[in-house]
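Below: one structure, written as structure tokens.
Residue numbering begins at 1 within each chain, and the chains themselves are lettered A, B, C and D in the order written.
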Amino acid sequence: MSHVGYVLGLADDALVAAQRLGEWCSRAPEMEEDIALANIALDQLGVARMLLTYAGELEGAGRTEDDLAYLRSAHEFRNVRLVELDNGDFAVTMAKLLFLSVYQRLLYDRSIGVGDERVAAVAAKARKESAYHVDHSSRWVVRLGDGTEESNERMQAAVDLVWPYTDQLFEVDPDVHALSVAGVIVDPSTLRPAWLAAVDAVLAEATLTRPLDSDSSVVRRGEHTEALAKLLAEMQVLHRAHPGARW
Amino acid sequence: ADLQGYFDTIVAADQKIEPRDWMPEAYRKTLIRQIAQHAHSEIIGMQPEGNWISRAPSLKRKAILLAKVQDEAGHGLYLYAAAETLGISRDELVEMLIDGRQKYSSIFNYPTLTWADVGAIGWLVDGAAIVNQVPLCRCSYGPYARAMIRVCKEESFHQRQGFEILHTLSHGTPEQKAMAQDAVDRWWYPSLAMFGPPDGDSTHSERSMAWKIKRFTNDELRQRFVDMCVQQAGILDLRIPDPDLRWDEARGQHDYTQPDYDELMRVIKGDGPCNQERMEHRRRAHSDGAWVRAAARTYAEKRAKNAV
Amino acid sequence: MSHVGYVLGLADDALVAAQRLGEWCSRAPEMEEDIALANIALDQLGVARMLLTYAGELEGAGRTEDDLAYLRSAHEFRNVRLVELDNGDFAVTMAKLLFLSVYQRLLYDRSIGVGDERVAAVAAKARKESAYHVDHSSRWVVRLGDGTEESNERMQAAVDLVWPYTDQLFEVDPDVHALSVAGVIVDPSTLRPAWLAAVDAVLAEATLTRPLDSDSSVVRRGEHTEALAKLLAEMQVLHRAHPGARW
Amino acid sequence: ADLQGYFDTIVAADQKIEPRDWMPEAYRKTLIRQIAQHAHSEIIGMQPEGNWISRAPSLKRKAILLAKVQDEAGHGLYLYAAAETLGISRDELVEMLIDGRQKYSSIFNYPTLTWADVGAIGWLVDGAAIVNQVPLCRCSYGPYARAMIRVCKEESFHQRQGFEILHTLSHGTPEQKAMAQDAVDRWWYPSLAMFGPPDGDSTHSERSMAWKIKRFTNDELRQRFVDMCVQQAGILDLRIPDPDLRWDEARGQHDYTQPDYDELMRVIKGDGPCNQERMEHRRRAHSDGAWVRAAARTYAEKRAKNAV
């Protein structure tokens, strides 16, 4: 994966996560949660915009954040499948958010001092937001896991459902590894032990069982579920209907 | 009698009634009804604009819209909190919304059919809300007045954003301009209707004025809104869909066509274009979330017990 | 409403109904019902194609069925709001189908001998299909209405939900009335008494209560709910992404 | 012993075993498993293609696709009916699908990412199914053989439609052609894997051959499929993604690269790209429909009681 591909991966994770979180708007279980989910969506969207702009510059073909968000098709998106999965019930959304945000927090934390100064700058801004996302989703996973019988069942089912998609966060890629060895960026595959420890602690407090790891080979970034094309159909429809228009 | 006298003095002196002060039961009830309706409107009002978050045409607009709809949830929350100071719980109020005993602003029973509607809501609906609400910042009931100060600040920000959306559209492609004009055509009269029935038909109005809950009549506020919009429509280069709109030199105000108050009554009664969808959406969110709220309560109880 | 507008109205009702019914595919409560709903969707789609082709010819601007289906935006669609409503649960789908198909059967029946020979020909073909749609949806409305307590409640709620949208089927339009007086087409507003009698009979057998008519003014064709633009975003996405391509 | 002898004679004579005939318990079980898996595959198989009904790029294609997916439901139904002749109910079989005790074809655990996948499924997946199923039309069990005759007729129709979709794409715009090639690249090896593990690793195979349930080995069928595709790929002007594919003069067949059987095993075990989605979708349809089926039963019971 190229340097641009790497940056696009981080950007697209955040963008697609924001799009999914935005779908909750006016549908959350509590009004406070409507606000919280919108907040997190805004944080993710903010990171996505900075990184997409940067990716466009790295690419050098003059593409803006909107060109990249609205005019690529599904197979050009670099996000992990985890973020594109349907929201499901609130438990599924919290499982997705926990797994993603623990990953992002680790990634941003370690990216503070990397050679790619643009990524480092975004990470410096995003790490605090990310810590809040981890905190928020952890609290809910614990409340739901250790709440009622129904919420425990739903939360466990959600963890089971989402777990197989976490593999892809830690994709091993030789180019990324080389860039990481050169100190330019952080290799996500190195984050797995810390990620697992953090997630395990939350699951334990939530009285939930961590699913067994599958022995499936890791699906590479760029491979998607059927959900992404549908998500993009909605996200891009207006922009694409008016080529070249300003908004 | 003493209490009533004290209350009257405070109101007359343009000072604030606070939660622990004595107040007439009718004053309390009027305020609860009004603040609750206002809070409900913020919550239901998330839907028409929320409808376009997923399709916002640029990432910047998406961010602005997300933040705006989030603000509405926030307004809902502090208005419910203001109502709670009057001795009613948010849960009770939400129940009354859900089962239809309390209303929300009828404007939110109109659909957002295009992106331009997001602009029109910002410009016209938020604009009308501000005209309605600015005087409420001086309302005699302290918690409500303070909530309104905060709300108004954000609303005027929203109104500017709506104006900006329409301005961009009306100076964009012909399709964009047509979209903007169409939105203004559809939202104009419903926005005028937001100020309520004409003064002659307005119940409660006089008493609310006496209590300094209300400071101006419906028609006064409506006129103020029209005058404000005419000038801004010029900058927007959009037409207000009223052939009889004209400056009245003598009055120093615009003459304009009244909205269809029969339509307003029908929409209030439940026969607007989206009443069903809005209520259904709210009910579903509430019932889909029941298990989550139950889990949170149970968890909190367990923790409280363990803490003992 | 012009003659073209009238034909487009019939076509779009059928097209949007087909699109919604197609969403049930692989999701129906029974496998037999998967087949039945696909069948009805196919019938509606068939009618839509014939009428769209005809509307394109009447219009005289060289637009094909696909141009009309895929390249108009929501405000150009002439369908009633009833057909664009979300599928909801199976009861809502059956309420929508009953109300629509009773209307279509009456309209097609009376259109057999009209002066517009193209409409008459489509009607002659569609009336039998329509009778099956009426039969199928009536049976389900009766079974659900007179089934369990839960199904009765759901069916009643569905009827209550959909009822206010039936008004629009019987829109009064002076141009259509004039064309109807001239014997060219059937004026849908004249179908109301027969429609009401047929629907009432089914509701009675289903032990359901017919909702009161609202005194709202009739919403004209061309006015839509928020649902249509989202439906079209999905329906048109692929076609629009490849302008001019053949499929 | 007499019964076994009669059974053996019928099978040896290439005649049909019918539901009321005696048959070995293992024969019955093998058939139930195989027919059920086949029926389940038709039902689950509705999902990947059903995914594109809403987005089919022309109304004609939408109609063809709807009809095809409907056919698959039909196949499912008559295959369940064939299984029922062996003394098991459709409800039991559906339960076994839902709780994972019975499998469906692993090919449906791959996603349909573009419209071209609908073409590739028609051409390759239905093509492989036909190669698998044509011999089953001569299967020793009468009801299964007769069901397969009907299924095969429709499948070959579907295969032609898939071919036609790919042909149109590959002779369309460069984007369409790329989409078609990408789909063939993704579906080729999974389609080869549909014939099951290589003969050496195939359990049950020998016994099924003896019983004349199966007529050819997995590898024989796979070879037949490859030979068929190579010629058609030429007409389609699409490349089969196998650099080692070549005509072997001596064998009179093509040499080709075997699919990744480890992947096949992983997908069968549940770790394919869409196993979870497919099962979840089926379970949800089943549970969402429970109240409808209950209502239909209750209504039928009421009517039966009133009829007495």
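Everything below uses one rule, namely that a contact is a pair of C-beta atoms (placed from the backbone, for glycine too) under 8 Å apart; a residue touches a chain by one contact, two chains touch by 3 or more.
Here is each chain with its UniProt name: A, C = Phenylacetic acid degradation protein.
None of these values were measured; they are calculated from a predicted model.
The pair with more inter-chain C-beta contacts, choosing from A-D and A-B, is A-B.
Centroid distances from chain A, each centroid being the mean of CA atoms, peak for C.
Rounded to whole angstrom units, the spacing between the C-alpha centres of chain B and chain C is 36.
Rounded to whole angstrom, the centroid-to-centroid distance between chain A and chain C, based on C-alpha atoms, equals 41 Å.
Contact of a single residue of chain A with at least two other chains is seen at positions 233-234, 237. Residues of chain B in contact with two or more other chains: 55. Contact topology of the protein chains: irregular, matching none of line, ring, star or complete. Pairwise chain contacts present here: A-B, A-C, A-D, B-C, C-D [touch as defined]. Residues 74-75, 161, 164, 214-217, 219, 223-226, 229, 233 of chain A are the ones touching chain D in the complex. Against chain A, in their complex, chain B makes its touches with residues 43, 46-47, 50, 53-63, 66-67, 69-70, 73-74, 76-77, 80, 115, 165, 168, 172-173, 175-176, 281, 284-285, 288-296, 298-299, 302.
Residues 48, 51, 55, 111-114, 182, 263, 266, 270-274, 276-277, 280 of chain D are the ones touching chain A in the complex.
Across the complex, chain A is touched by residues 73, 230, 233-234, 237, 240-241 of chain C.
The residues of chain A lying in touch with chain B in their complex are 15, 18-19, 22-23, 25-35, 38-39, 41-42, 45-46, 48-49, 52, 65-66, 69-70, 89-90, 142-144, 146-148, 150-151, 154, 234-235, 237-239, 242, 244-247.
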